[in-house]
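Consider the two complexes below, in which subunit A is the common component and subunit B and subunit C are the respective partners.
And now, the complex of A and B:
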């Protein structure tokens, strides 16, 4: 059986228009608290993979460790709780992309260390390999280091556990390939990419069960005042470059094709 | 202040283009800071790679070698990088943003009491202090910032500097190559191999000049009211074979495959570009049957020349993002393109 701990941050809904502003604590997003949020896409994959693994290996348990503003966490958990069973460990702090990965990692590692009955020899530490906000691809490695876990894998699309308990892991590497590794046992850090599982359908019974624990976790939520660390931002800006698009229409496909081929071969 | 450039040789013993670009950027950085720089190489036998850049102007070239370092593995790579950083007392550390270095750099920074930043797309120096550019919120906004803590470890994205700056320095005095011996950490991981599609089915080609982006329009009903997924697949694969381009896809098209609809079976999430996919770097990009922000904005962030084929002349995403928008039936155009490329 495994203790599967999933780290997942909150990010603005990908369909929202994002605009940077300078706030009192550094860069932020305009109307950040008003933007609808969701669990980070890759962390979501990690959570679904964790739940699947826990189902395959009875006796395993899944924790979701999430740092974000309390109100946002409550909003996001209303959705996520319907998907798969987990116990929430909530940390109340800023969730923007401009916070420092190392400070976030320290807060997450402290929260994980405080899990009652934590047995590192059974721990699979899951998370997204990058967030859709900071995109640093750094938090999971630092959490792993803080917990002294040096078997780490990033960009993981597949984890299978053999009869001998070994972990077979496929990581994304260059050129559309996967590197295949075998780790003989937990603990390990698994930074998930997309994985292979579809999004689970909503299950009201799971939702009811999860929400009892989630409400309790939110009522006892601990502050995690992470910031921008030692970073000094010079500028944060949207790309302003727009191109003058030439519209070509009402000409035969053969003529368009000739134009495209000449362009491709143009060096 | 001193700078250390870290790299690993490829299986054939050479340094990849991305490594040479990152070395070139490091040389420029060190020159701007008016400080020396060192090179650290990790691999089973990094000697030939070290020799190939011995004239790059580095004050020292250090290696960590041995069979254990042939594998891209966290425990051994982190130990090697940590040893090289400590041996050079570097305050700035640069690496190419390969999967191997991206995996270990933050952990190494933690061990050294420093910080790491990934996906660095620009390096500048002002008043003797380095600053970096990188993108946030999946390439939606760009920030320029610096850090006060050292060491500062930076994974540099491809294309950050031209390779030429390295090769032009071959005539300089060569640096001696020093091998660092370190006590190997215990590791419980073995790399057993790689899995990739068969060579004739490999659709992701990072070194290709052209990125060919396919959208969900390929699988929609066409003018005659029929879905032509098989024909679309054949056209796309033929084009990839003939043009040697790399295939990108929108999320919606990849998701269709994941939901059990065998529309374009050669597509996987590895092809996906945009918010939850990749932002590849190619000189040219051709988008077909795409609509939406992901392919045209986020997925195209680092594409030089951009063209699109769409039936919608008013596509708000292609307009302003593509250089040329062909309003046409992609099936007809790509069939003609393939015929021309085949001749």
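And now, the complex of A and C:
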């Protein structure tokens, strides 16, 4: 039986126009609070893997620890709560790509430490190995350090638990290869890459069950005063991109692959 | 920063939370969740099937059939059911189903129809079934849980019959029932002989609720019966209807000749002098069912209009990109067609119509959520007191009198009215039932009529704004398909003439009129507080309409023939049309006022609210002006159109003199006031049009083309 704690925050819907601006509190995205948001895709993978692990190991429990603006958290939970069962621990604070990873990690670690009945010997600390907002790639590592969890794995695609309770972990390394590690037992930090699970379908029954707890968590949400720390942003800009979109219907995958290869070679 | 920069304007398309506040379900996370569950189904598998040409066949294909399992999985099928029967939403579900239909129709209304037809099929059992029928069939229609191998039970509703009784005349049925055998002490066995037309879900239904009439002296009147595919006899799903719209729903012309026990009569029966007497006629059941499901149909067309906004804006802005002229950064490149005022003004009209229709539709759905429990109280109390037929009508008339008194007291100053009596009336569930029931009898046909009928007209405008692209299968947002679909929505579940006919009766009910008068007062109060909404103009137009209705009810034409009478549809129907314009515009204003109030208390919309509210208020004003114009035109045609032109004192025939009748002078004066009420509306339209040039839209549509 495991205590699986998933850290995950929010990112703007990727279809939206993301235009960096300088706001009163530093860099931000234009109309960010008005844009629809979703759970960070890396964190989503972690959550689905956590729920799957909890199903395989009855008696396990999943928490989702999420830091973001309360209103946005509520909006995102309406969808994510329908995916898998979990208990939400919500922290009200800024999200996005410009908060300091250390401050965020400190707030998350404090919230995790306050979970009643937390038993570190059973804890699997899940999260994304990076984030779709900016991807500092450091948050999970710092959370683990603050909780004294020194067994840490990043870019994980697979976690299997042996009969002896050992954790067999496949981490991404260069060249499409995986590094396989075996960890004797929890606690461990697992920074997930994509994992292997498809996105679960929405299930309103699961959602209704989750939402009773989620609404209570949101009503008693505590502020998490995180910011940009000592970082000064001199300028922010989206990566330069060149779109050469063609809309072609019914093209076979082999042709698509050939076109991409030709484009790369030609480029 | 210039002065104009400080005026709040629309920044992004309205968010889900803002809509939840505007349409008043922000406190219902179950509804928010069902929206989030339905949306990916609509914009995922349904949209992909449409984009792949899945609509281009009359047949029920494997690809279409695959959607059924997705509906089951996502909770769409179970949204109709109570939690004890496998559902997940407590209480009345009219608003929930309206939101489901709205989300599905955002992409394809045929998919919505497919989903809702199951609800329609089971609705007779839900609304009027016996406790035994309810207990047996409601759990059956719940989708199988994961791992449950049972074949899903799917239901169709069979009312419509081949010509001559197709569609409109629901009072007559060619489907017949006869007693096949009736052993002493045993349940009678009935033969059901029914041919259906345009019956939705027949390709996969295994239960049908069918309307039939007696062809046997041992059965009295009509009823609805439950047919099962396993019943002995003929169950022929029939050939697919060659319809050109809503192709993601299955529609066939089935044939049934089945023997079923009399216990399948929906709502049960009694036996008197050897005659089976159904407890509910088919008309009574249909009335209970359709008055709810028609609302969702109205919302389908409104969803189409609102869904058209984003693809049209994107098309307009990108229209000239890639051409030889217009470099990035130039108005031609950035705004494209939006440098032309006409396309913006027309898009404002589309958006305003969509807002008004959605407001009217969701209000009607909410009204039914309030009415449903009261309806059950009334049914139970009447049954306990043995009130049926005339005695029930007499009792209802007394309740309506009390309702009139309740409304009159509510309108009096609190200091002088009889508070005890008011509290007593407000606590009387039957009085509340009467008030809401009369409202529903108007709002439901109004929503079905106006949203779909005028919505289809405006949907054509949306298609036209896409140019030649608009009539191709590749048009983003599936606009041409939606345009065609809108015409079916104006037709099924009672075409426009049926809705006008119903309205022409219900809108004259004294209990409705007294509420209508109160609404005029309310709008005047709103106009004082929210001057830019067009509330004052709508209040004036409502008064104008009411004056005209009364005038027509009490006046004869030049030949001495009474003007307002049942068969004189040249009088009654235009007045129903005018009323619909007013009700839609009124509700649009009320929703925006509500948004301003509840939005101010919701920090999640703090940034969005000022600009979006200002924009929506401008849309209210635009729509109000249009509603005023329609009302003014219709009423003037009716008031003057049935009287001969008096001779001019100068003897010429070129112009009509001012009428001598003080009545008509009063009418002219009121009409002048309507004209004056249009002050500022074009300025509102200009502001709204400008907002469309700056509003931020997503990089791409979130469903495929």
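Criterion: the second predicted complex is superposed on the first by the 237 of 267 C-alpha atoms of A that agree within 3 Å, B and C clash if a C-alpha of one lies under 4 Å from a C-alpha of the other, contacts with A are read in each partner's own complex, and residues count from 1 in each chain.
Definition applied: a contact is a pair of C-beta atoms (placed from the backbone, for glycine too) under 8 Å apart; a residue touches a chain by one contact, two chains touch by 3 or more.
Being a predicted model, the structure only gives us computed values, none of them experimental.
Residue contacts after overlaying the shared chain place A:175 against subunit B, while subunit C stays out of touching range. By the touch criterion defined above, A:264 lies against subunit B but remains apart from subunit C after alignment on the C-alpha atoms of chain A. Touch criterion met: A:75 reaches subunit C, while subunit B stays clear of it.
In the superposed model, A:142 lies in contact with subunit B only, and not with subunit C. Among subunit B and subunit C, the chain that touches a larger number of residues in subunit A is B. Using the contact criterion defined above for the overlaid structures, shared-chain residue A:114 touches neither subunit B nor subunit C, since it reaches no partner.
Legend: residue contacts after superposition of the two complexes on their common chain; A:236 is shown touching subunit B, with no touch to subunit C.
On subunit A, the patch touched by subunit B and the patch touched by subunit C overlap at residues 247. Of all the residues in subunit C, the ones that touch subunit A in their complex are 11-12, 15-17, 29-30, 32-37, 40, 73-75, 78-79, 88, 602-608, 696-700, 702, 705. Interface residues of subunit A facing subunit B in the complex, by the touch rule stated above, are 11-12, 14, 18, 20, 27, 41-42, 97-98, 100-102, 105, 132-139, 141-142, 144-146, 150-155, 157, 170-185, 193-194, 198, 229-239, 242-251, 253-254, 256-261, 263-264. Residue ranges of subunit A in contact with subunit C, taken from their complex: 13, 15-17, 30-31, 33-36, 69-72, 74-75, 78-79, 81-82, 201-205, 207-208, 211, 215, 247.
In the complex of the two chains, the subunit B residues touching subunit A come out as 72-75, 78, 98-100, 102-107, 109-111, 115-119, 131, 135-138, 140-149, 185, 187-197, 202-206, 209-210, 243, 245, 258-259, 269-272, 275-276, 284, 286, 301, 305-307, 309, 313, 318-329, 332-337, 339-341.
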